[in-house]
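Each of the two complexes below includes chain A, the first together with chain B, the second together with chain C.
Showing the complex of A and B:
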């Protein structure tokens, strides 16, 4: 029983953190149209920086090296991790957002991710190289001493609360004039500029806000697991987040929830617990990627907008008397506005 | 003497070896509707891009409302009231017609992050006012019933009307229209023309039209600036220009092919 409870708690935390990743990506891609192909690097940034701020100074005799080691209290370290992730988003934005868009921007993000991956992996003085950081201080340890599940369930509530805050934030942003401007940039950046709005500023905002939110998810991940190595944030993980957003529905945070439940929890996490086939140790992970890939193909084929498409905006309004109500558009034989006439 | 709202002084712009604009100067008077005509390749669209700030000229100045805006980026010029539309309709396709209009208004409280998050009451109230205002504009243009339709689903002619009503929503002082009548049926051309005249007389918006349809130009424009080979060739009313030999050679009389070939 306690094993099942622990398992359910882990699945819930995974669901909540992935949901936070997907909402972060949704703000970048679904709102502002920024193709960020290295979502998981921001997660790693948040996680690693949380770790080095919260852990005590590295003990050189143990042959484990990492920078800083400030031993801050965990809420402060959490903030530091989130800010670090946002700072990476700002840096990429400075380099790429001013001049590049769509595919070219995607290439820059992908390249940055690969660069960071190689740098963090090969340089064992930064975050202990390929072996990664472990024994990272977890929050709530002083209150959760009786049973391992106690920590897990406290953390379910903690991450759930954060997810709710992120969700409310993202929805308010979407409905606000700021979100509307971001969506207009997604549609046509030059037009937004020509109407007196600095599209670079809005895109940078979306980039940084999205990075901060993904960073929150990263901090939660390492707080829960207590360890992270580069094997945990390979490029493939980015596409799990992307798959969740595309299947669930971009520019709709309800889609983000459904997508992260389906892709990240049901297909990605639950299949980790299928027993291994001894003769083919990679069978299950490969199968998992194939299933997620086909899910994306199927959803783009049959429902390109995702399960929950972007909702049409509606406003409270006082109805007007339609000046053209009578006999429009079909009143004149060569009506100016009938689709057939104006398509020519 | 009427005040000139826009002055283009000695603008030069080359793309590699092509001198798209070669020492061009003219001015636009406030409150008028002026046409910018000329043969293909005369540099009209490039001029629109220079005036609106998409391109920066190699030499020369663009002066809007007494202020040198040559070095200002396009969005700052737009904030001063210098707006443009594009040769092809560029609506925000996956947003409703109403949203297309709401986006473009400047200075909304909810456009800063702080405002969006913590001043929801205020921007909700603003949005309600803007919706009412936008609906009035849409009603004038006959788009009211389509207000909750995705702009991308409209027909070509309707998209033209969305472009114009969206520009009106942004409260321009000078509006550059880059071939507003391109690909539009005769009936709608007349309606668009009437709308432009109405906006000019009622709201005092100054218009500059790049236009090939000389009938329209004759009907609604009080003054015409002719460009050829990147230079300003002549200006005046269309009737005056019809007797100008240079203009006839370059454009009206069909001598254009010789110049293109030379």
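Showing the complex of A and C:
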């Protein structure tokens, strides 16, 4: 029984943290149209920086090296991890958000991801290289001493509360004037510019807020597991977040919940129980990645708005439809960014 | 000083590999107007096809390499016809095209790993001792790589400047609607572009594998953003710019190894990319309406 309870707790924490990742990406992509192809690097930044702030100074005799080792109390270290992730988002934004097409931003995020992965992996003085950090100080250790499940369930409540706060914040942001500006930029940046809004500033805010939120998820991940190595944040993991967002429905946080439940929890966990093929130890993970990649492609083909489409604001309008009107080149009625139009 | 000159030689080799790859990416971008994030996987397809042809069919290596090159072109054409072009017709949003190619790279990479595993492979070419030419020193394979790249670049130049197809590609790159209304068969030109882009990616992958000698299915994957760096440096969608970008990136990354550890080669490419995006995002040879 206690085994099942522990397992359920782990599933719930996975669900909550992935939900936070997906909401972070949703603010970047769903709200502001920023293509972040390396979501998982922000998770790693949050997690690693939490770890080096909370852990004691590296003991060089053990052949484990990492920077800092400040031994801060965990709430402060948590803040440091989140800020580190946001700072990375700010840097990427500075390079690529100004006056550039969205391809460039996607390229820069992908390049940053590849680079950070190689840098953290090959350089064992930074975060202990490929073996990664372990024995990371976990919170609530003083109260949860009796049974391992006690820590798990305290953490379920803790991460659940944080998820709810993030969720409420994201919904509030969506409806706020700031969120409206972000969505307007996503639809047509030129229009927003011509209204005198500083679209760079709004896009940068979306980038940083999203990165901070993904950083929160990263900190929670390493707090729960107590360890992280580069093998835990490969490109495939970024796809899990993307697939969850696209399946659930972009720009709708209800979709984020459904997507992370379906993709990150149900699908990822179910494939864990497929027996390994002894001659091909990588077969199952490879197949899983292939399916996740196909899921991304298929969901864009069949239902780009996701299971829960974005609720467009409805205004009292005189139904003026000019069927002879000519559209601009490149926009079509069922254009993916205005799913409501296809139903009309 | 000798090491410095040696590295210039290696820079030439890297630039040769990169020139094939960046010209292939740039040609395709110019015509279809979206970045193909699965391009890095095409390198792996080329490498493994050439390996399979030479190992299972026992063909001489040059024939296997030629078949691998054409095979990658065919794979690229099939992917474009089966997946990317239908998407481009159905959903014109740039966002979705980028995500689809990104998803495609995950599918292709993992498919290659299922088929070939994570082992290291080598082509059946005999390793010769380096030849010294002036201050430079090359292996025979590296000389062949430089020759292949030079021939390919001249061929691309002739294609773009002398043939109907090349002129149509340039016209479509400049203005798609004008090209279509001038009677250019844009569909067939797009098909040819995907095929050629795939061929160049496959050939680039094969020469990359020749250069690094022992390779895995995903050896080309990390090169993707170095290719992007070369393409952006030259001006995205500009074929001659891509050649120039490849030369600069190849030289800079290899020469940097005279001063810092060669483990940071890619970081140098990234720094060049960042500087370029900050100072001159339109590229050395800007293309109208692309940046």
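The criterion applied here is as follows: the second predicted complex is superposed on the first by the 305 of 344 C-alpha atoms of A that agree within 3 Å, B and C clash if a C-alpha of one lies under 4 Å from a C-alpha of the other, contacts with A are read in each partner's own complex, and residues count from 1 in each chain.
Rule of thumb we're sticking to: a residue touches a chain if its C-beta (ideal position, glycine included) is under 8 Å from a C-beta of that chain, and two chains touch if they have at least 3 such contacts.
Nothing here was measured: the structure is a model prediction, and the numbers come from that model.
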item	value
Touching partner for A:294 - first (chain B), second (chain C), both, neither	second
First, second, both or neither for A:37, with chain B first and chain C second	second
First, second, both or neither for A:242, with chain B first and chain C second	second
Which of chain B and chain C A:274 touches, first, second, both or neither	neither
First (chain B), second (chain C), both or neither touched by A:110	second
Partner chain(s) touched by A:143 [first = chain B, second = chain C, both, neither]	neither
On chain A, positions contacted by chain B and by chain C	332, 335-337
Contact set on chain B toward chain A in their complex	52, 54, 73-79, 83-84, 86, 90-96, 98-100, 102-104, 106, 108-113, 115-117, 120, 123, 126-128, 131-132, 135-136, 139-140, 142, 144-145, 148, 150, 155-158, 161, 166, 170, 184-188, 191
Partner chain C, residues of chain A touching it in the complex	29, 33, 35, 37, 95-96, 99-104, 106-108, 110-112, 114-115, 118-119, 122, 235-236, 239, 242, 246, 280, 282-283, 286-287, 289-290, 292-294, 296-297, 300-301, 304, 329-332, 335-337
Chain C - residues contacting chain A, complex	34-35, 37, 83, 87, 90-96, 98-100, 102-107, 109-111, 113-114, 117-118, 177, 222, 224-225, 228-229, 232, 236, 263, 266-267, 270, 273-274, 277-278, 281, 290-291
Contact set on chain A toward chain B in their complex	169, 172-173, 176-181, 183-184, 186-188, 190-199, 205, 209, 310, 312-318, 320-325, 328, 332, 334-339, 341-344
